[in-house]
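Both complexes below contain subunit A, partnered by subunit B and then by subunit C.
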Partner chain A sequence: MAWEYYLVVMLVYLGTDLLAVWGLNLEFGVAGIANLAYIVVVAAGAYAYAIVTLGPSSGNGGFQTYIGGFTLPFPLALLVGAAAGALVGTLIGLTGLKRLRQDYQGVAMLVVSLMVTTIVSADIGLFNGTAGLALIPNPFSNLDPDTARWAYVALVAVCCLIGFVVLRRFTTGPMGRTLRAMRDDDTAASAAGKDVVRLRLVVQAVGGAFGGLSGALLAGFIGGWSPSAWAYIETLAFLSCIIVGGRGSDLGVSLGTLIIAVLLLQGVQFLPQIASSPGLSEDFGWIILGAATIAFIWFRPQGVLKERRPRYRGESPSKLPG
Partner chain B sequence: MQLIIEAIGFGIATGAVIALGAVGFSVQFGISNILNITYGALMTLSAYIGLVLINHGINAWAALAISAVAVGAVSVIYHRILLAPLVRRGTRAIAMIIVTVSAGTILQYVIVAIAGPSSQSYGEQSGQTFHFLDLTLSFGQVTIIVLTAILMLALHLLLTRTTLGKAMRATSSNRTLARSCGIATSRISDIAWFISGCLCGAAGVALAITTVSFDFSLGALFLIPMIAAAVLGGIGQPYGAMLGGMIIGISSEVAAAVSNPNYKDVVAFVILIIVLLVRPRGLFGAAWSSRRLMEG
Partner chain C sequence: MALAATGPLLEVDHLEKHYGGVRAVDGISFTVERGSITGLIGPNGAGKSTALAMIGGFVQPSGGRIRFDGVDITGMAMHARARIGLVRTFQMARVFGNLTTLENLLVAAPRQRGERAAGVVGGRRAWRSQEKELVSEAQAMLETFSMAQKANDLAGTLSGGQKRAVEIMRALMMQPKLLLLDEPMAGLSPSLSRHLEDVLLKLADGGLSLLLVEHELETVDKLCGKVVVMAQGKVLSEGRMSELRLSREVQDAYVIG
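Now for the complex of A and B:
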């Protein structure tokens, strides 16, 4: 049934967006890294998943060219996707080796994002250029279509569950406190003996793994992946989820994902279509998304669900400022 | 060899456009401490304003001047009503960068919604060519090189020979101190954003004149060589941005001539990464700008 198919699509998108937003929130919301190249790690995961499941590029009549070409079972392929995300995330993180101002490093990462898209689009031999990769195998293709769809939802749900457990190891406890200290005052954090440069690289590797897994799951579900799916503004969509939901709060950004990535960006498809300009509703989606992001930074920078301020032993709650 | 000489000629023309853009971007950072990513979308806006004017029969160079002034005015308003109030409210730099990316996205999609996603072109410019030494350049390219040289000289004279320029440099190096000396820093900011906005607008139309066709992503893609040039020269340093623009323009055209033209921007990108890792303050960055760019 149509609505059931639509529901499956929404759930898979929600799950993959959640993983990506959690990863970026760890970097941006918790550790204070303005990673404007985050979508590149998602793309890395998707391409990695594609080339380790598609088999040799001579297959399917050899209509597409790409490097690698293996046929790994899907759990392994998902791990490869996450690993590719972590690797690319670390490479992107190298732009911060000199401890630059965070907005300055953010601009450098934005340029990285633009550049990688240009290179992958131009080089046919890498991942089939602008046309991108198609026929990426769905792991449940031997089941009947209805069961296969819900099996995929279950797979995404399991990944999200595991992801959330791992995420909490980094956003709570000693690690979470260290990262927040680095975000709020990194000079103080280094004075307390924290290696800020190394911590940022670790965070970008972990965040990259989340993005890579998200991309791998998305590629397996859609069956295709091309440069138009990961333009630099896609990173803005994830950042928007974080800012609207409440940066630094795992629950908040999850809510933000539901509002921005699902309700807004998918919802605009229900606007009345204008025959002369078919892309108009999507354009409106981006305009609203940008406006919502700016409005939240202006009126409610803490987001819908504010990050909980940690309480420490011996500190009385009533004395807390603000 | 001939190939490389021709590429150098093209590189000077490309470098002139990059320098126009990079100087404006750098001036904005210098005066307001904001890395304004909306700059790319404003260049796109300028290219489309130019397109409308040219389609109404206005000469391309008149269109360039009109678009430049229009984008200059838009930049002042943008800074006045959005960026400056946010800075006053204490919005952190990391959030400001997201504001400027968001505003750029809004502007880009407003342009798409109005003008459509298809490629546009200013049409055939005058076919006249110039030969100088072994270089062959089109009329459009020569005009842009001359125009850039004039604008850069004018900016140089403004910054060094006038009281206004002195006030701008003072505001740029220490805003608080400048204000205590009686400089009306918010008015100086307005003027600086107008001048840099004009440069942004001029660069947008100049870029559209020198490319065969363009679409709404014109400005976004131009961010690669432009930011590389600004960072190479030392961000916030107008002279550095001029030199950076020329270096990036010539080296990328030469690289494109001897290898794959698709990889033109890779040179700019590699230069950007090397500068960030080796000398983030750039060639001309003073010690104070180094302090400003690094943490702690």
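Now for the complex of A and C:
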């Protein structure tokens, strides 16, 4: 049924968006790293998943060329995707070895994002250039289509569950506190004995793993992946989820993702299609997204759910932080 | 080790900092003895903040050496200096604005289990008991500074004087050997200043060494044993405040500067 198919797509997108937004919120919302190249780690995960599941590039009549080419089982392939995200995230993080002001850091990473897209698009041998990779195997293709679709939803849900537990280890407790201190004032954090350079690399590795897993799950679901799927503007969409939801709050940004990704970007698909301008509804979604983000920055900069800090009465926190 | 423990705590040797043609600090040498409060005074632009920034590791010197506790720390990163007990505060108080006052103190505690890989992987169980101790330590410190009622307020909402107090408490949480303070009394009400003076004196009695940049000569008089006078990037003279007051050189520097 059409509505059921649509629901599955929404749920898978919601789950993969959540993973990516959590990772970027860890970097930007919690640790203060303006990683405008975040979508690159998502792409790294997707491509890695593709080339370790597609088999040799001579397969399928050799109509697409790419490096590597293996046939790993999907749990392993997802781990490879996460690892690729972590690796690329760390590499992007190396731009922060020379300490830059946050705005310059953001610009540097935006340039990285554009550079990588250009290179991957131009180089056919790497990931088949602009055309991208197709026929990426779905792990449940041996099940009947309906079951396979819901199995994929379950897979994404399990990944989100595990992801959220891991995420909270970094955003709460002493670690989360230290990262937020670094976000608020990195100089004062160094003066308090925190190795800011090392912490940033760790955060970008962990955030990268979240993005990589997100990308791997997307690639497995869609079955294809090309440069048009990871334009730099996608990073801005994730940032919008964070700003609308509440920078630094895990629950807040999850809510923000629900609001932005589903209601706006997917919801506009319910708008009537106008035959003469086929891209209209998508453009319309970006406009709503931009307007909502600006409105929040102006009128509610703390987002829907403000970041909460633990309050202490006696010796233990009386409330858990958000 | 035996040698290190007996020499001066801090030795500054021909330290220089040039900004283009400006010699902000122009070859200064002095020492800070263990358990002392040493003052660093001089007119505006004398190079005091720059000197402190170099000692703390925020600014790399153009020349000269710095030794702390017998170790050459000239090229050491700021966070590494903090970890060996050389802790600074800033002339403009810097707090972590979106953390609570109490958290500002907690974050500075050294060797936290929850910050290490094992603590992150192990979760709450790995760091809960240490955290509990740190919380009561921080709460006791807030009491000392009469700020217990601000414990759960976001540090960004505090007044200037309170932020400075937070910064000093945060520094103390790190169990420093030498505390570098850049004009800690600036902007404080007279009563808060008196309070802080008393606290600093008590800390020095407890064995903490202090290097204090201060404009207010009255404070310097009250707190500091030795005073180093800087003007135009150089050390003009050093000695006890009572002697320095009589010196022509020092008087001229203050009037001219």
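Assume the second predicted complex is superposed on the first by the 311 of 322 C-alpha atoms of A that agree within 3 Å, B and C clash if a C-alpha of one lies under 4 Å from a C-alpha of the other, contacts with A are read in each partner's own complex, and residues count from 1 in each chain.
Basically, a residue touches a chain if its C-beta (ideal position, glycine included) is under 8 Å from a C-beta of that chain, and two chains touch if they have at least 3 such contacts.
Note that the structure is a prediction, hence the values are computed from the model and not measured.
Peer 1: After aligning the two structures on subunit A, examine subunit B and subunit C and state clash or fit.
Peer 2: fit
Peer 1: Return first, second, both or neither, reflecting whether A:A34 touches subunit B, subunit C, both chains, or no partner chain.
Peer 2: first
Peer 1: Under the stated touch criterion, which partner chain does A:R177 make contact with: subunit B (first), subunit C (second), both, or neither?
Peer 2: second
Peer 1: Touch check for A:K194: first (subunit B), second (subunit C), both, or neither?
Peer 2: A:K194 contacts subunit C only, not subunit B.
Peer 1: Does subunit B (first) or subunit C (second) touch A:I297, or do both, or does neither?
Peer 2: In the superposed model, A:I297 contacts subunit B only, not subunit C.
Peer 1: In the superposition on the shared chain, how near does any CA atom of subunit B get to one of subunit C? Answer in angstrom.
Peer 2: 7
Peer 1: Overlap the subunit B and subunit C contact sets on subunit A and report the shared residues.
Peer 2: 187, 190
Peer 1: For the complex, which residues does subunit B have touching subunit A?
Peer 2: Residue list for subunit B touching subunit A: 35, 37, 82, 86, 89, 91, 93-99, 101-103, 105-106, 108-110, 112-113, 116-117, 220-221, 223-224, 227-228, 231, 235, 260, 262-263, 265-266, 269, 272-273, 276-277, 280, 292-296.
Peer 1: If we count contacts the way the header does, which residues on subunit A are in touch with subunit C in the complex?
Peer 2: Interface residues on subunit A, with respect to subunit C: 169-170, 173-175, 177-178, 180-181, 183-185, 187-196, 248, 307, 309-312, 315-316.
Peer 1: Could you please specify the touching residues of subunit C with respect to subunit A in the complex?
Peer 2: Residues of subunit C touching subunit A: 56, 58, 77-80, 82-83, 87-90, 94-100, 102-104, 106-108, 110, 112-115, 119-121, 123-124, 127, 131-132, 135-136, 139, 151-152, 154, 167, 170, 174.
Peer 1: Under the touch definition given earlier, write down the residues of subunit A that touch subunit B in their complex.
Peer 2: 28, 32, 34, 36, 94-95, 97-104, 106-108, 110-112, 114-115, 118-119, 122-123, 186-187, 190, 232-233, 236, 239-240, 243, 277, 279-280, 283-284, 286-287, 289-291, 293-294, 297-298, 301
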